[in-house]
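Look for chain A in each of the two complexes below; its partner is chain B in the first and chain C in the second.
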Partner chain A sequence: MAVARRQTRWHIAVFLAPALIVYTAIMILPLFGTLQLSLFRNIDQKQVFVGLDNFRALLTDPHWSTAFWNAFRNNVWFFCIHMLVQNPIGILLAALLSSPKLRFRAFYRTAIFVPTILSFVIVGFVWKLILSPLWGITPMLLKEIGLRGLFHPWLGMGDTALTTVALVSVWQFVGIPMMLIYAALLSIPDEVLEAAECDGITGMAQFWKIKLPLILPSIGIISILTFVGNFNAFDLIYVSQGALGGPNFSTDILGTFLYRTFFGFQLQLGDPNMGSAIASMMFFIILVGVCFYLFAIQTRLRRYQF
Partner chain B sequence: MTRNTLRLMLVASSVLASASLAYADDVTLTIESWRNDDTQIWQSQIIPAFEKANPGIKVTFAAAAPTEYNAALNAKLAAGSAGDLITCRPFDAALELFKKGYLTPVDDIKGMNNFSDVAKAAWQTDDGKTTFCVPMASVIHGFIYNKDAFEKVGIKDVPKTQDEFMADLKKLKDDGTYVPLAMGTKDQWEAATMGWENIGPDYWKGEEGRKALIAGKAKLTDPGFVEPFKVLAGWAPYMGDGFQAQAYPDSQNLFTLGRAAIYPAGSWEISVFNKQAQFKMGAFPPPLPKAGDTCYISDQPDHALGMNAKTKHPEAAKKFLEWVASKDFAELYGNALPGFFPLTNEKVELKDPLAKEFLSWRESCKPTMRVTYQILSRGTPNLENEAWGAAANVINGTETPEQAAKKLQDGLDSWYHPGK
Partner chain C sequence: MNKARTSIPRAAAAHAVLIVYTIIALFPVLIVVVNSFKSRGAIFRAPLSLPGPKTFDLIGYTTVMAQGNFPLYFWNSLVVTVVSIFLVLLFGAMAAFALAEYRFRANTMTGLYLALGIMIPIRLGTVAILRLMVASGLVDTLTALILVYTAQGIPLAVFILSEFMKQVSDDLKNAGRIDGLSEYRIFFRLVLPLVRPAMATVAVFTMIPIWNDLWFPLILAPSEATKTVTLGAQLFLGQFVTDWNAVLAALSLAILPVLVLYLIFSRQLIRGITSGAVK
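Coming up: the complex of A and B.
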């Protein structure tokens, strides 16, 4: 009787423990710490519980909300540029790379992927130099071909700064959608494509009708990665435009807004409570976006088994 | 042979071990600072001078980048890992550290009576009773110019009034060899600090206007504060092509490479410019609105040194602070870092001609400090940061001087209610 009872399977807990402990310690606890901090406020050097008042201030008090909604709008635009430019270009590059007639494939693949592994600091600095009106190569090249008039100090003008920085970011990260889509394209079995050819579907039509539906799940994953990455973005703006997201806050995104508020900037002292409120808002925005994707889009994507 | 080498190594290591034992008795003080440009001067001139006079105390100068200093320092202090001596930013940033108990009062440090009340004001509690940092240096605003450029376009005397200044800018622009004004708006603070706060005191009458603003008797929409914005807007045509994307280091390089004629400056540039510029430089104070007006200069208390309340070596730290308050230090520091002017009352002799020129204005003009620093940048929105944006927008032409001033005043009104 006693022999029949199964032993407690300790090894499951033991094997799970390292990942669970590390993940809890460095991800889950700080997350709840941040959420908790956002419910307090420093009044006379004491932390006082204020409920959701920080969030109310952030969303309705004009001094906070103007900056918050401005950062949010900029962030949405930043994301749109990535979705409209980075991902289509990534797909196009992947399609070109997977073309059997292409030579030097490994070279192109590497060259396009290299910026992704560069540090933000290098990317930001290099592009600041390339676009600099004083020392930049852009105004010089344009001058050589007689088009100096087309040059503007793009990073310094409110209308163009955000788009310019977003395009720099696209330049840096276009390798990631390219690689993921490239892998997806390679995994399409030859039989499927041959069958399509037998039915007379070739060239562009083959891409639109056969390949694209098969790589849709990958595109979905890329979209959600782009979304999360963009709403957490900070480094590139900080390096190229400073913590103020200049000029006149036109490149201020949630990340830089959070940084300024949490750590303080120049004479502005840091406010960890408001900073946490902003960080929590970023978390909620991303949560909503990811949930929307998981429940509304992913469940409807059709998958094909080969 | 090998054996000998081995033996030598053994001897050497035991000698080294005993040497490090001897060092273990020494106290090491760490200075937190944002003056990373000065690291070399601290290590080669200032620290050796102190260590020579005070055997047994070693000093390390740990500097962070200026923009990261406040955040990094706050984090270190909270975690208890900050250095023994803390370089203090003026006004609220340091006051906040003191209020949180991170800094000790320094009133009993020998030599504190060498400083005037004005010099100490930036590192005192609001009631002026407790001082928590020993004043080290101030910076003075003005304009540095390229003497060769002035000669080439035939400007004989430095401009004394605003009209002369504009006429000179025009001359430089017509000549075309030089960019008349080396300033950009990308980093925003240049426009506010080297622009608005540089020329402003002449218009708002220095301390008079600054104190009236704090007392609530003046508004930023008053002509005295709007006028300097208008003057700034007039600078735009004389700034370099694409100045909207010109950052602070760009402006510095543009000037030191000899491509620009006039640099709206803070005196802290002097040591860097002396090293880099290959031409003769001169300086002039902000041009007066009208000939015969009183001149005012911005003589901004810039940094001081305080003691970490949790230091393990309070005695050694105090010794260092006493030295910082002495005339010896003032002279050493003022000459090692030309452009940082000692705040002590004692007579200090400076050797650098450019620094001397700046310092001479203390005699001929009335000193004041940056209008946004004391009290007015305590709330949200923060006047200093707002002023950066305002000044940059005015030069970029995205806001009129009146709009910019109104926005600043509205921001201030939302949290600052003097006399209530």
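Coming up: the complex of A and C.
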């Protein structure tokens, strides 16, 4: 037995190899390849090493930096809307769903999750139709509740387009925080809630004082998932507002900016090196966010074990 | 005791909020499906009413069938999704088994290395992935998409499956070893059947983003022969913007298969998300 232990256990390598090879070749190496490509520039048909010059251009050269900071600001706002609207609604719905003896629970859960499974193409187009002044569904509905005057072509106006698209994205993804928080709420043991009730803590007070502290780790996880998802978003804006993030770049975020820069669009020529620089910036932003979550938030959250 | 938690006004308020949100979630989908069965005039005159005998019209669907190459796109999406899920499950389960079952020196490091992929989106490597695919002549093939989606799905699959594999009883595996089963047979014959529910969960989680992805089909396989349904629908909708019947019909056709699959698997999906917390 001891002899058998010491010999190389080839089966471990066999079990690990396919996953590691595919993952390394298609995901990790290209990621580093992109980082590397961002340090070069195409001068006279040759790739020349320029150090961090692409990044300097991206952050300070007005030709690039105007678009970059605009996309960055829009992306931050996109993320803020999700944090302020999507996650509170998700928590509210989860709290209601987890109330004991609720009837039709499965129906609500299934129905509210439906938008999450639809593709961006469907979601983007459906909302474009619904909000379109041509079709008139929204003005008609607003008229029913006496608010006809409030209607504007929100997706077409620079001031409101980004917020509207962000809200459409909230509509699509609210199911995810709802489900994760719902799971966390279900895992709170009955004894804890009963003890709270014995002490006279019920209803809203029970939610704020007992349940909320217990689900904080899950709220942390949905926040970082939202962050990664938002700073990597592309599809919904591309489908509903086009690759230019119209009107007048008011909905341009880092994902659409990367797409335009890398592949070129209309009069602009594609530039793989600057595209890589933007992708690298997105990588660093996401990395900073994830590290902040792992080291500053997760270690401070108190976990309760039952 | 339980009275405080289930008073009638409280329950009524909870139902009211949930019903309102359910309507918000379903209304846009319903309005599109309902209107896809109406004539052009009726779509604009009375968008909120159901199709009656006078307004019922399938013109949108005939246009979609005549114009788009949808059966082919559908087939492409199906091939890409099914093959990717199969590879993610196979490779993911093998790696998860190695990490959960054996103690070896690089175990933790390998786990962390794979976990990186859960947080960092594969999209950020697109520039280099495209170069790789061009160099290996895989552009405009379904293989390119399958490889990318497999790499994308593996981290989460390994993470979820190894949690479940740790729960498989050691006695069972050791009994297998005493009976002379090889490690491979223990994996395929004993462990895999036991984690089947977890595999179904991973399959559903992997499936949704693959089926709905627009980025990689747009970049790696935009040719007519390799278009997926999502990309095909996007281009079709762009071309037929003014033909409302066709647009509504195409959207409905894109929604229905996903919706049906979801209704079949929703139990599995929800159980997967809330796993360990089922009361």
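Everything that follows uses one rule, which is that the second predicted complex is superposed on the first by the 295 of 306 C-alpha atoms of A that agree within 3 Å, B and C clash if a C-alpha of one lies under 4 Å from a C-alpha of the other, contacts with A are read in each partner's own complex, and residues count from 1 in each chain.
Here, a contact is a pair of C-beta atoms (placed from the backbone, for glycine too) under 8 Å apart; a residue touches a chain by one contact, two chains touch by 3 or more.
Since this is a predicted model, take the numbers as computed values, not measurements.
J.: Which chain makes contact with more of the residues of chain A, chain B or else chain C?
T.: C
J.: Applying the touch criterion given at the start, work out whether A:M157 contacts chain B, chain C, both or neither, answering first, second, both or neither.
T.: A:M157 sits against chain B, while chain C stays out of touch.
J.: Classify the contacts of A:L29 with the two partner chains as first (chain B alone), second (chain C alone), both, or neither.
T.: In the superposed model, A:L29 contacts chain C only, not chain B.
J.: Tell me which partner A:F207 touches in the superposition: chain B (first), chain C (second), both or neither.
T.: A:F207: touches no partner chain.
J.: What is the contact status of A:I286 with respect to chain B (first) and chain C (second): first, second, both, or neither?
T.: second
J.: Applying the touch criterion given at the start, work out whether A:Y108 contacts chain B, chain C, both or neither, answering first, second, both or neither.
T.: In the superposition, A:Y108 contacts chain C only.
J.: Between chain B (first) and chain C (second), which does A:W77 come into contact with in this model arrangement: first, second, both, or neither?
T.: neither
J.: Looking at A:W171 after the superposition, I want to know if it touches chain B, chain C, both of them or none. Which is it: first, second, both, neither?
T.: Touch partner of A:W171: chain C, not chain B.
J.: Where on chain A do the contacts from chain B and from chain C line up?
T.: The overlap between the chain B and chain C interfaces on chain A comprises residues 135, 263.
J.: Which of the residues in chain A end up touching chain B in this complex?
T.: Residue positions touching the partner: 45, 63-64, 128, 131-135, 139, 151-158, 242-244, 246-249, 263-271.
J.: Note which residues of chain C are touching chain A in the complex, please.
T.: Chain C reaches chain A through residues 1-2, 4-6, 10-11, 14-15, 17-18, 21-22, 24-26, 28-29, 31-32, 43-44, 47-48, 87, 90-92, 94-95, 97-99, 102, 104, 110, 114, 116-117, 119-129, 131-132, 147-148, 150-152, 154-155, 158, 182-184, 187, 208, 211-215, 219, 230, 233-234, 237, 244, 247-248, 251, 254-255, 258-259, 262-263, 266, 269-270, 273-279.
J.: Flag every residue of chain A that touches chain C in the complex, lowest number first.
T.: 9, 11-12, 14-16, 18-20, 22-23, 25-34, 37, 89, 92-93, 96-97, 99-104, 107-122, 125-127, 129-130, 135-137, 140, 171, 174, 179-180, 182-184, 186-187, 194, 197, 202-203, 224, 228, 232, 234-235, 238-239, 255, 262-263, 272, 275-276, 279-280, 282-283, 286-287, 290
J.: Quick check: in the complex, which residue numbers of chain B touch chain A?
T.: Per the touch definition, chain B meets chain A at residues 67, 70-71, 74-75, 91-93, 96, 99-100, 184-189, 240-247, 250, 253-254, 372-373, 377, 380-385, 388-389, 392-393, 396, 398, 411, 414.
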